[in-house]
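Read through the structures below before going on.
After this come two complexes, each holding chain A, first together with chain B and then together with chain C.
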Partner chain A sequence: MKVTYLNRDIALGPYVPQEDDDVIICRCEEITKGEIRRAIHEGMYTMTEIKRFLRTGMGLCQGQTCTRLIKNILQNEMKRAVQPNEEPTPRAPARPLAMENYGKELVK
Partner chain B sequence: MERYDLIVIGAGPAGLSAAIEAAETGMKVVVFDENKRPGGQLFKQIHKFFGSKEHKAKVRGFRIGQELLQDAEKAGVEVHLSAVVIGIFPHLGITVSKDDHIEHFKANSIIIATGASENALPFSGWTLPGVMGAGAAQTMMNLYREQPGKKILMVGSGNVGLVVTYQLLEAGCEVVGLVDVLPRIGGYGVHAAKIARTGVKFYLSHTIVKAEGDKEVTGAIIAEVDKNFKVVKGTEKHLDVDTICLAVGLTPMSNLARMAQCQMVNKGGAVPSCDEYGATSIAGIYVAGDVGGIEEASSAMIKGRIAALGAAKYCGYITEKEAAEKFVVYHTDLNKLRQGMFAPGNKEKMTCTKTREGYPLSMNLLTKGFLTEKELAVFPDCLQEVRGIHPVVECTQNIPCNPCQDICPMHCICVGEDITNLPVINHTQKCSGCGRCVANCPGQAIFLVEQGEKEDHVTIPYEFLPLPVPGEKGCGCDRSGAVVCETVIKAVKDLPANDHTVLVTLAVPPGMGNTVRFYKKEGGVI
Partner chain C sequence: MSDTKTANVIVVGSGIVGNSCAYYCAKKGLSVIVLDEDIIGNGASSRNGGGVRAFFRNPLELPLAKYAIDNIWPHLSEELGVDIEFKQGGNFRLGIGEKEEANLKKLAKEGNEQGLKVDLMNQKEVQNFCCYVSPEVTYAAYCHNDGHANPLITTLAFYRKAKAMGVKYYTGEEVVKLATIRGKVRKVITALGNCYEGDAIIVAAGCASTKIVQTVGIDMPHAPSIIEAFVTEAMPPLFDFMMGTASSAFYGHQTKHGSFVFGGGSGFESFNDGYSDSCPTRQITAPSVMRGIMKYFPCLHDLKIIRTWAGWINNTPDGCAVIGPVDDLPGLYIAAGYTGHGFCMGPVTGKILSEVISGEKPCVSYEQLKLSRFKARQ
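Our next item is the complex of A and B:
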């Protein structure tokens, strides 16, 4: 398998506030566009890094609404195309469910 | 752990079609869907579908859903509802959350048909109650019979935006306007015309800037955008609305495919890369429907059947040759739907200026939602002086659809082999005035016109309640929804075969037969 390393030597320039920075992007975790842009300027260069730094896409809807929006913000800030496999890794359970039910495994 | 030949994830048009096709080959099939009701989005689709007979054209979406359910039952498909697939694991195993527990299932093949989710559009105030997806509005209206609001702004002029706007009007809501950032209406002209003639205003090259309100939406601010889609300062405009519907595209729900380690590509979102049967990079896992790339329900049903062929072939229920033979038939049907001006991936959609027949496309239809009489006159069979009752087909874009040709008992209307052709009137055949073409055109673009000395008669398709009654006086509206004359209802025909598209015949002043296209009650309300 070919191994590629993300180039971290990127000059994004200074963080310049934008008019719509206070618009909420991740509804579940209430994270704004400004917070995401600032995180990118602080060195969160991938979707996964942004997720781990800010908890975007880790709420009830599991990124169903905001993944696309964050991808767009990242592409705009970094001026590069974000590949499908860069989206946060989907893991089971794919949908929220009660822990009580999760612990009740029917074995036939 | 129970074992099946095929597990289908998602009971929408693609999933159900796949399950039926697979079960017919003798496979033991189970379908899981997270929703309480099967059918995916089909049961919200109360409009008549486009396409041809093979695609169940002119049948309302939810009826197609009912047919699919019956066929699935007949074929012996096991359907589990409120059953959420929470994980997909190596060696074709899945975990399902059902009732109060989780359960594991295994299969020799899996078809992922999880569909798509609505895109969000972030703007100031977009998280306020009252901002919702157009699909959510549709669920409220068509499944739960609740109005999403009283005064509505629709964002997005693709087919979803246009169809849901029409359904909002049918549900008795007022649609204050339709906004799109692009300079052209994105959906079918006939869908746009249906709402333009009720008076809905289109704001092209506009965007929504703000949803106003503290606790809920009390208004919206829209503004013009320039060529780079940046808001032009000073063009902001307030609209009095209590609900904002977003119809700004769909994203494939491909999480399970990624969880299964399928190789992904970018196609309007991350979708699994797959061959012509829908086979992904993981042996035994197939995709069908919107999860493999956004199209519409008719295509999804065929893609479901094709994926089932792949799975049946993989599991040895049909031979390579049998699969290939059926594949050709389905693929031909699918290709018929993928033609024309609005075909998926057609890059000329925003720039083309002529129909395939060489007629100039109506720019008013593309920007305001209606054709001017001058533009319409260019098309043959429209607005000509014809004696006696005759159909006027205001279908001016190449879209895959031909029920008008099949439905006319007098063979007056001809589309031809290629269903994206514009309909042509055969003048050697005499129109009987039955109105079947009017009621069965999914785009509601056919009218019967009879010009007379004292008055003209126009028969329009009508789907609003309460229905007018013969003798009632009201307003005749032109294609833009403007009231142009007084009119008297001559006849109201509600035939079971027309499935609630009512034929309303209006008497209008002489010379207005080619102008009046809609009826409003006195005072100019629908």
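Our next item is the complex of A and C:
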């Protein structure tokens, strides 16, 4: 996957606290809007970088709830459209699966 | 073509190696530009198991890993201003049977000779040390020096710090060609037609490095392979140590978050379609690693797997990294070919190269890892 060219010398302006910064965006990992906005101001300019830096979308639901919310926050802060291919890659398993069941898949 | 951008140092690759080179060079007062074809650290730096270990390492690399563990890792969180979750909980290597016991004994002897502190344990001692280990395990080695850290945060923490110090980052900027000016490698040209120029060019692009240095006539032998890792649900703290086996069935650790990160291969990791910018997981790999884990730690059988992923490894003929300036071609530096165990060595590589580029004596000797060690058969 080719990603969009980005000169990261970006002036987002000073970080200004917002009224709803305490709202939890990623419920599995309990990450707030303020933490996400701060990470963007520190240079996490993509969905995947925010995820890796803060653990957003890394919990049990794998971002099924928060991915779209984070995308909106990122677009608002960066004033640019996030392309669908910039979202974190979905990976197996589709739902949490016990190791004893996952590991049963023997090669015949 | 746009204007040429110049800096003292141009780094190709924004993984842990590239970002640490950028950070340490900026710390020396050098101006730095970092280029990456992808986003920040999207290669092995964000896909590895987080092992920070000197034990079980080739003697060529061991002094660098040991220096990093003794002098860099313990205070890296403080230095970068982000908790990178470094935990020096030791490295616990398990063995089953006489052959593995002999292998562990040999490695423990080598480790102790090189200044590590490695203890050997028999079956009873293993059970006393950790009651979760299968009674099938007959022997183990425990290295006190080693530990683990969070590779995702460490890589991004180096980037964040380097960026705050004025390092310029360009992502989605694929390097296609290097070029010389009067016999010195100075120019870096990208797929978009942009040109960058620097006094030192560091190629730290993982599997893409070979192709890049080839454009100035340098052959770096490498073979890509693909391995996998996965993460489980969070559990209360059970293990402090990095765990692995003498047979390399799997490796892993419990993170600060409580989840376990495990990694390994199926045995077919070097048989693939060749390095590309995608790295799909395979049906057979993760289950094979899971069976390995359950053999050594049966109590983890009902732990739920949340996510699996894959990553490319840049293998070299002797399984050790290529670090340092390239002989006969001034201006070019390589830091690649870490063969799947580069995370621990990332920070020290940046420190060494920043010192070499500044004309200082490096903190630890690295000459044994230069590309010139690979010589043709005859």
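Here is the rule we go by: the second predicted complex is superposed on the first by the 101 of 108 C-alpha atoms of A that agree within 3 Å, B and C clash if a C-alpha of one lies under 4 Å from a C-alpha of the other, contacts with A are read in each partner's own complex, and residues count from 1 in each chain.
Criterion: contacts are C-beta pairs under 8 Å (C-beta built on N, C-alpha and C of every residue); 3 or more make two chains touch, one makes a residue touch a chain.
This is a predicted model, so every value here is computed, not measured.
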Partner chain(s) touched by A:Ile24 [first = chain B, second = chain C, both, neither]: first
First, second, both or neither for A:Arg80, with chain B first and chain C second: neither
Partner chain in contact with A:Lys33 - chain B first, chain C second, else both or neither: first
Which of chain B and chain C A:Arg55 touches, first, second, both or neither: second
Touching partner for A:Arg68 - first (chain B), second (chain C), both, neither: first
Partner chain(s) touched by A:Thr4 [first = chain B, second = chain C, both, neither]: second
First (chain B), second (chain C), both or neither touched by A:Leu97: both
Chain B and chain C footprints on chain A, overlapping residues: 62, 89, 91-93, 97, 100, 102, 104-107
Chain A partner contacts - residues on chain C that touch it in the complex: 37-42, 46, 152-153, 155-156, 159-160, 163-164, 168-174, 192, 231-233, 257, 277-278, 281, 283-284, 286-288, 290-291, 293-294, 300-309
Sites on chain B touched by chain A in the complex: 1-2, 34, 84-89, 95, 97, 100-104, 117, 119-120, 122-124, 126-127, 251, 253, 255-256, 258-259, 264-266, 269-271
Complex contacts: residues of chain A adjacent to chain C: 1-9, 42-44, 46, 48-49, 52-53, 55, 58-60, 62, 89, 91-93, 96-100, 102-107
Residues of chain A defined as touching chain B within the complex: 20, 22-25, 27, 33, 62, 64-69, 81, 83-85, 87, 89-95, 97, 100-102, 104-108
